[in-house]
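Some structures are shown below for you to check.
Consider the two complexes below, in which chain A is the common component and chain B and chain C are the respective partners.
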Partner chain A sequence: MKFVAVRAVQLVVVLVTATFFVFSLTFLADGDDAVVDSILQIEAGSETRRAEVEEGLNIDDPLPVRYVKWAGDAVTGDFGRSYVLGRDVSDLLVEPLKRTLALVVYAQIIAILLAVPAGIIAAYRANTWIDRGVSTGAIGLLAVPNYVMAIFLVFLFASTWKVFPGIVDSDLQIFDFKSYFLPSLSLALGQVAVYMRLLRTDMIATLQEDFIGMAKAKGLTTRSILFRHALRPSSLSLVTSVGLSTGALIGGTVIIEQIFAMPGMGTLVVRAIFQDDIFVIQAVVAVIAFAFVLINFLVDLFYAVLDPRIRSV
Partner chain B sequence: MSDPTQLTEIADSDAESGADDNERSAPKKWGIGFWIAVAWLTLVVALSALAPYLPFVDSPSEFPDLAAPSLEGPTADHWFGVNQNGDDLFSQVVNGARTSLIIGLSVMTLGFLIGGSLGLIAGFFRGKVDRVISAVVDILLAFPALVLALALIGILSGGDATLPVVILALSLLSVAPLARITRAATLSFAEREFVTAARTLGAKNGRIILREILPNVIPPMAAFALTVIALVIVAEGALAFLGLSVSSPAPTWGKLISEGRAEIEDHGHWALFPSGVMFLTILALNYMGDVLQSRGTVREGAL
Partner chain C sequence: MARRITATDSADPGGPLLEVTDLKTHFLTPRGRVRAVDGVSLTLERGRTLGIVGESGSGKTVLSRSIMGLLPKSNVERTGSIKYEGTEISGYSQSEMQSVWGPEMAMIFQDPMTSLNPVMKIGRQITESLRYHLDMDKAEAHELAVSLLKSVGIPEPAKRVKEYPHQLSGGMRQRVVIAIALACGPKLLFGDEPTTALDVTVQAQILNLLDAQQRERFMAMILVTHDLGVVAGRAHDIAVMYAGKIVEKASAKTLFSSMRMPYTEALLESIPKLEHKSHTRLASIPGRPPDLANPPRGCLFAPRCRYAQPQCLEEEPPLVEGDTPDHQYRCHFPVGTPAGDEALARNKAEGRTIHADDVEVDVSVATSAPAGGAS
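Let's look at the complex of A and B:
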């Protein structure tokens, strides 16, 4: 279990570094006074409220102390109050967080569902025209930025064929698969290429192992050999990549949400950036960092389940 | 393809190959695809470098030209058509290439300088220094870099970004991968005979790093740099889409695509041409990077 403990410590370090970085920046960029001024200005409060606001920000403490106090509150789910919207930041976070997580999960599911068969067939028929076709397609997909993909898919499915909505409802529910289809697919297609190429490489190596020859000699069907015997030992890089790419996908959701007018974390943070809503910026970065760290931890555990040798490291 | 994990994978695979450049096997053919990619990139670079001197490229203007036709498809005068303000789209795409390439190259250079130095130091001295640098690099590689870049730009300039701020923020994307790949390459050369020989002759560490190791780690870094440029061009486009990229009359590809999106149903050319040019450029960069990297691996395999 040493492996788990080491990873846990590493991930906590990631979390603290990222949040501290953004927390400090929000104050250092404009200076403390400017931050207080902008809060007072928006709240239309007079100078009499200045002391109160400064108190709330712990403005007399040095930055590290301020960070520790903020982090202490954040752990209990208290991210302060958005002075732009006049609501608690934690209330603003709940629904967008659900929507964004759902978007990432759907995108990963679509990507895996498309990449696994494509990778397997490319490996099974390695260096034939099928393999070359699939691999060329993957290189092409990798060169399409997700926002270009989104525009193209909206044009096709929403404007031309009118089968899926190009703009989602403002109170999008996470099981509204029809609305989620285009955003998830836009995010997924780039990942398909990454996953497919990884799986293909590992699968080609696995297919040359003795136990595959053994399985063939036993007279098992090709399908059973590929999916039941070869897939599991070939999927380690794939699983790692799925975990690691979660970070990139979360980055990608920011822009996809913008295109589909989806009220998620990305929309929230972009609005906060334009309105200088610093508590929201801090909170979104903290939550994204936390979600990201958690997912990585789970992937590591899953990795250990897939390959028993790792458990003892 | 704004995907740092992909970079990690490439960095990992390259770490294993450790690209050996001294023993060159017989020259291999580069393949037609490679030369097409080179030709396309040369064209893009040449056009954007020469843009102010070319008669068929209008300089970017802040004010709409009311006399010009608006929203017209491709014609003999306007190869890519015209946008709403009567600007020639071909000129806009060329001028956009200027901005995109300046950002891509600057971010790549910063990545080379900062990431490269960190990687050389970590790989050469190892021990504690290496552990600290590697930990920082792992953190940077692991975190959603685009979100950090977004927050950085937002906090530093609140929706009115200047070129240096955008470059600085996007270099979050390039420093870590380049540090990792340089470290891996340095590790594979630090123990080689010619380094031992230099040390025996009394060369100091600084000289060994600059004169013996640096020339050997530059080729794998260069192959990788192409992928980094592609990544940065895509990321800049994403920022432009959110209205957080460079705010100036000079267009970027991302800005053109996001402007054209509004008219995609009736005047598709507006989004289509910038998207197409961007796609081909990224494809060319990725493909060249792939070819250069795989040649590194093949050479290792042939030893």
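Let's look at the complex of A and C:
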């Protein structure tokens, strides 16, 4: 429990630091006056609104005070109001966030399902033609950018065979697996190579360990040796990488979302940037930072699940 | 796939448990063919203990793994015959061996700090082979695991089954390794330096435990060690290995009372003795074992031997029978014989023990080319 408590404190510190920088940067970049100007311009409001808007931004307070006020609202889910769309930012955020998270989760599941068996086979048959074939194929996938992969997959599955939709509904539901298939697969295939290589390397090292020789001398089946004995101690790098790339993917699905016309976080933030929708940008970055930190916190906890020796530290 | 070996049914129960004939195990390395085991024959009866003694690189570990079939297939060439309960097992496939490993043969590895899976509970590491080989259900296997841990002297076994290896000391871990090896009731147990990695205080306990278990289960045991002291008083027979070959083999009593091979004598002398005064220089064997990828002509021990004569550097001595039955050795000038005494006296008179001046093999060559691959 002490382990969890220590990590939880770290989580809060990292989160505060990240959001503070985001909060400061969005204002510092243009300067407060520019922000107020653009709000008034969009609202077509009169100069009499200026004082109101400035108060809403707490413009007279020092930066740390403004951050605390913003953060205090943010933890209750209040990220302010988009002056471009005239709606609460939190309302704008919920559905796109769910869609993007679902996309990333599905992509990771597909990537892991492909990478784990491939990595195990490549390690077990290291330096044979099986290993070389699997490794070369994986590198080939890695070399193709995911947007090229997406277009290729759309051509194949949506245009030619017509089995999966190439464009998703504008009110895409997160359990609409059929619509999610192509976007998830496009993101997943690039990850497969990375995960497979990491697992292969760790697995080759693990297979040299005495306890694997011992498992063999017990007369266990090869499958049991690979999956029960070797996989878990070989998966720490894989888990780290999955954690980091999950965070990166949440902020990096923009292009895939555009290709499949998916109204997700990427689409939301691109629009916000072009329209100077400051509160939306702040909220999106805060949410991504939170997700990033939270996922890596979960990864740390997962290490302890994987390796009992970490628990006693 | 047959789960249980069928040898028990077909074999003559009166025959030896294990019969190894002219076993060779060569590693094909970029440096060439490393002859880690080079023509070893041995026989082991049920319930007997055979000690295999030799220094690092003598091939004793490779021998035990080769007999058990645990070496990788690629770049390893194994020839010769291995008969277990009268059945030839050297041609067995990996899946056929899987039914031999555990219920028939088991191995205790050298280092208990690395031979247990660090991320698996101890209980599970014992029960998995019980469940697989003996078709036990979860409860039965758990119960047997607890009683196995108890029998190898682990306190609070019911609590320990739920713990991970890192929660146990080295000695306790080796007891767990022994419990795992004994789990399926093997008829033949290999101990590969089972006490080398342990504290001296724990070594005797572990050896006594092995002794007791062996007697109780009427199990045959092959104890591989570099320490003649470990097998003294424990092994019925001792085989001394050098450079992949057995250089002397006898019952323990004969070996210690009338050894013939200078290497055996040198090994025995290198054990420090309590009656020595403090600061007595430790006896050691000069040089190193020969490079097994490029073995010298003649007797492989000759470059390090104080009895060596010109003949030894030219002609490899065959394995000859000694005065008593079951005593065999490879030496032209055996210890304790007139020929040996004379050879030693001649070397002493000439003020040197190694005849290296008129041949290409000398100590410095042997030293600068350590044996690789074999340990």
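Simple rule for what comes next: the second predicted complex is superposed on the first by the 301 of 313 C-alpha atoms of A that agree within 3 Å, B and C clash if a C-alpha of one lies under 4 Å from a C-alpha of the other, contacts with A are read in each partner's own complex, and residues count from 1 in each chain.
Please note the rule applied: contacts are C-beta pairs under 8 Å (C-beta built on N, C-alpha and C of every residue); 3 or more make two chains touch, one makes a residue touch a chain.
As the structure is a prediction and not an experimental result, all values here were calculated from the model.
A.B. asks: Are chain B and chain C a fit on chain A, or do they clash, once the structures share the same frame?
C.D. replies: fit
A.B. asks: With the two structures laid over each other on chain A, which partner does A:S245 touch: chain B (first), chain C (second), both, or neither?
C.D. replies: In the superposition, A:S245 contacts chain B only.
A.B. asks: Determine, under the contact definition given at the top, whether A:P145 touches first (chain B), second (chain C), both, or neither.
C.D. replies: first
A.B. asks: Which partner does A:F211 reach: the first (chain B), the second (chain C), both, or neither?
C.D. replies: A:F211 contacts chain C only, not chain B.
A.B. asks: Mind checking the angle chain B, chain A, chain C on Cα centres after superposing, to the nearest 10 degrees?
C.D. replies: 80
A.B. asks: One more residue to check, A:P233. First (chain B), second (chain C), both or neither?
C.D. replies: Second partner only, chain C.
A.B. asks: In the superposed arrangement, does A:G31 touch chain B (first), chain C (second), both or neither?
C.D. replies: Neither chain B nor chain C is touched by A:G31.
A.B. asks: Give the label of whichever partner, chain B or chain C, reaches more residues of chain A.
C.D. replies: Looking at chain B versus chain C, the one contacting more residues of chain A is B.
A.B. asks: Thinking of the overlay built on chain A, is A:L198 touched by chain B (first), by chain C (second), by both, or by neither?
C.D. replies: first
A.B. asks: Which value, in Å, gives the least CA distance between chain B and chain C in the superposed three-chain arrangement?
C.D. replies: 15
A.B. asks: What part of chain B is in contact with chain A in the complex they form?
C.D. replies: Going through chain B, the ones touching chain A are 1-6, 8-9, 135, 138-139, 142-148, 150-156, 158-159, 230, 234, 237-238, 241-244, 254, 257-258, 261, 264-265, 268, 271, 275, 278-280, 282-283, 286-287, 290.
A.B. asks: So in the complex, which bits of chain C are touching chain A?
C.D. replies: 68, 70, 94, 97-103, 106-107, 109-111, 114-120, 128-129, 132-133, 164, 166-167, 177, 180-181, 184
A.B. asks: Which stretch or stretches of chain A touch chain C in the complex?
C.D. replies: 209-211, 213-222, 224, 228-229, 232-233, 306-309, 312
A.B. asks: Could you please specify the touching residues of chain A with respect to chain B in the complex?
C.D. replies: 10, 13-14, 17-18, 21-22, 25-26, 29, 139-140, 142-148, 151-152, 154-155, 159, 190-191, 194, 198, 237, 241, 244-245, 247-248, 250-252, 254-255, 258-259, 269-270, 272-274, 276, 278, 281, 285, 288-289, 292, 296
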